[in-house]
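Single-structure report; data block below.
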C-alpha cells in the first residue's frame, strides 16, 4: 500500500539519521526534569500530577510531530512527494508515522512519569488505557494536520503550539478529567460519556483532515 | 443612510434604557426593571455583555462560511470577507471577555474563575489569536488565504466539543458551577417583558452594527488591495 | 498518434502582484518533442509546473486525457515523468533505495531488468548502492532521469534537461529524449540551443507565440 510505503520510508530515514528520535528523547527527559525541579520537595496533589502528565505529553508532541512535514519542506522534497503520490496517500502515510510516534513517545512518558511522581497512581487502569488510546489517536490526527499547515508558513517552531493548542484543547480537557476519574477509581459508567467524546473527536478530526488536506498540500 | 440613523437611534435607546432604567423590587411602570436576586444593579450589564458574546460567535461563523466559499471558488474577495469577519470577531471577543470579567467581579467576587463560559470565550480568543498569527507568517496571498481558511474550518469544528464538554468538565472543578447564574444563560433570569424587549433590541442593534462594520471593513480592504496591486 | 493528450487553455499566472504570463495556449497530441523557451524569469518553470498539474493556474484550464478520457487528478502522477534542477532526492538513502521507495509509494512495480538497464544507460550502475549524499550534481541529475523513467510514464517534462551534465551526460539525455519521443510526449523547457534543436515546435514565453521549427 502506498501510504504504508511512505511510512516505511520515513521510518527508514529516521532509523538511519536518528535526527528526531534523539532530540525527542532528550526533550522528554528535560521537560520532566524541569517539572521535577520546579516542584522541589513540595507534595503535589494527585489531580495536579495528572494534569501535568498531559502537559508533558502536549509539549513533547509539539516537539516531535511537526517533523513529518517540516523535514520534507526544508529539504525541498515536497515537490518530489507531490510527483509520486496523491494528497490522500501523503496524509495517510504521515498520519500513520505520527500515530506510531505518539504512541511510542507517550508510553515512555507514562512509564517515566509513574516512576518519578509518587502522586501519579491510577486506580482504574483500564479506564486510563482506553482514554490513553483514544486520546493519543486524537493528538496524532490534529497534530499531523496542523503540522502540514505550519510547514508552509514561516517561524514554524513557535507557530506550531500556538495553532495546535486551541484545536487540542477540548481533547486535553477531556483527557485530564478522565485521568482524574481513573485515579479516583471511578467506574466506567460515569466516564462513558467522556470516552464517547474522545471517540467523536477522533472521527470528526479524521474526516475533516482528509477533506481539508488537499487544500493545504496543493498550491 | 436611513439604516445608519435607525441603528444610531436603536443603540442609543438601548444604551440609555439599559443603564438608566431603575431596578425596583416590584416594577410598576414600563421603564422599571425587576430585581433579580443575587444580581441587583449589575444585571444591566447583560444588555451589553451578552450581545458582544453573541456577535463574536456570529463573526466566527461568518468567517468559517466565507472560508468554505474561498476554498471552493479561490476568489480572494471571499478571503478578505473572512478576514474582516475574524478581525471584528476578535474585537468583540475581547469586549465579551472584559465585560464578562467585570460582571464576574461584581456577581461572584473575582474577575476570573475558569467557569465554563469564561473558559469557552477564552478558548475562542486563543483561536482568533492563532488565526492572526498564522496569517502574519505566510507571505503568498493564495497560500495565506488557503491556510487560514483551513484553520478556520478546523477550529470551527472543535467548537461544538466545547459546548458539550464544558458542563461535564467543570462539574467537579468549580464549586459554583452547579447553581451558576453566569453570563449567557439567559434562561435562568427572570426577566420581565420590558427587560426582555430591551435585551432583544440590544441584540438586534449589535448585530446590525456588526454587519455594517463588516461591510465597511471588507470594502475598504478591497480598495486598499486594488490600490496596491499593479500588474506589470 | 499518442494515446495521451495535454491541453492547456488560456493559462494566466499571477504571483501576488506580478503577472508572469497571460492567456497562453499549449497542447500536445502527437508523440514527439515539444519545447518551451524564454529568457530567465519568463516563467518557463512555472508554466511547466502548471501543465504538469503541480501548481494551479490563476486563470485557465489544464486537461490531461488518456485514450480520450480525462485522467483523475488522484492518479495523474503515475503518467508523468519530471526532471528539474530544483527536484530533490533523499540524501540519506542510496540511489537504488530512493528509486525503490519512490516506486513503492507510487504503488507500482518495476522489473529488476528495467532498473539495471536505466542505471547502465545513465552510467550510474557502479555507484548505485552509494548514498546520494556523496553524489556530484551531475550524478544527481542523472539519477533524476532514472526517477522519471522507471515507471514508464506517458508524458515527460524536462526542465533544463542538460543542467549539471558533462558532454557524455548530455548525449545520454538527448538519446533518451529521442527514444522516448517515439512512443510518448516529451516536453522540454530550456534556453540552450542544443536542447531546443531537438524540438519540433517551441513555445516562446516572452512573446506568447508558438514558433514552429524544422
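What to note about this one:
Letters A, B and C mark the chains as written, and numbering starts fresh at 1 in each.
Simple rule for what comes next: a residue touches a chain if its C-beta (ideal position, glycine included) is under 8 Å from a C-beta of that chain, and two chains touch if they have at least 3 such contacts.
Given the structure is predicted, the values throughout are model-derived calculations rather than measurements.
Geometrically, the chain at the heart of the complex, using CA-atom means, is A. Counted by C-beta pairs in contact, the busier of A-C and B-C is A-C. Between chain A and chain B the centroid-to-centroid distance comes to 32 Å (mean Cα coordinates, whole Å). Annotation: 39 Å between the Cα-based centres of chain A and chain C. The distance from the centre of chain B to the centre of chain C, with each centre set as the mean of the Cα atoms, comes to 52 Å.
In chain B, no position touches at least two other chains.
Multi-chain contact residues of chain C (touching two or more other chains) are listed as 56. Each of the following residues of chain A touches two or more other chains: 219. Looking at the complex, you find that chain B touches chain A at residues 71, 123, 126-127, 129-130, 133-134, 137-139, 142-143, 146-147, 149-151, 153-155, 157-158, 161-162, 164-165, 168-169, 172. Against chain B, in their complex, chain C makes its touches with residues 14-19, 56.
The residues of chain A lying in touch with chain C in their complex are 1-2, 5-6, 8-9, 12-13, 16-17, 75-77, 79-86, 88-89, 93, 218-219. Residue ranges of chain C in contact with chain A, taken from their complex: 52, 54-56, 73-75, 77, 80, 82, 86-93, 97, 101-102, 104-107.
For chain A in complex with chain B, the residues that touch the partner chain are 145-146, 149-150, 152-155, 159, 162-163, 165-167, 169-171, 173-174, 177, 180, 193-194, 197, 200-201, 204-205, 208-209, 212, 215-216, 219.
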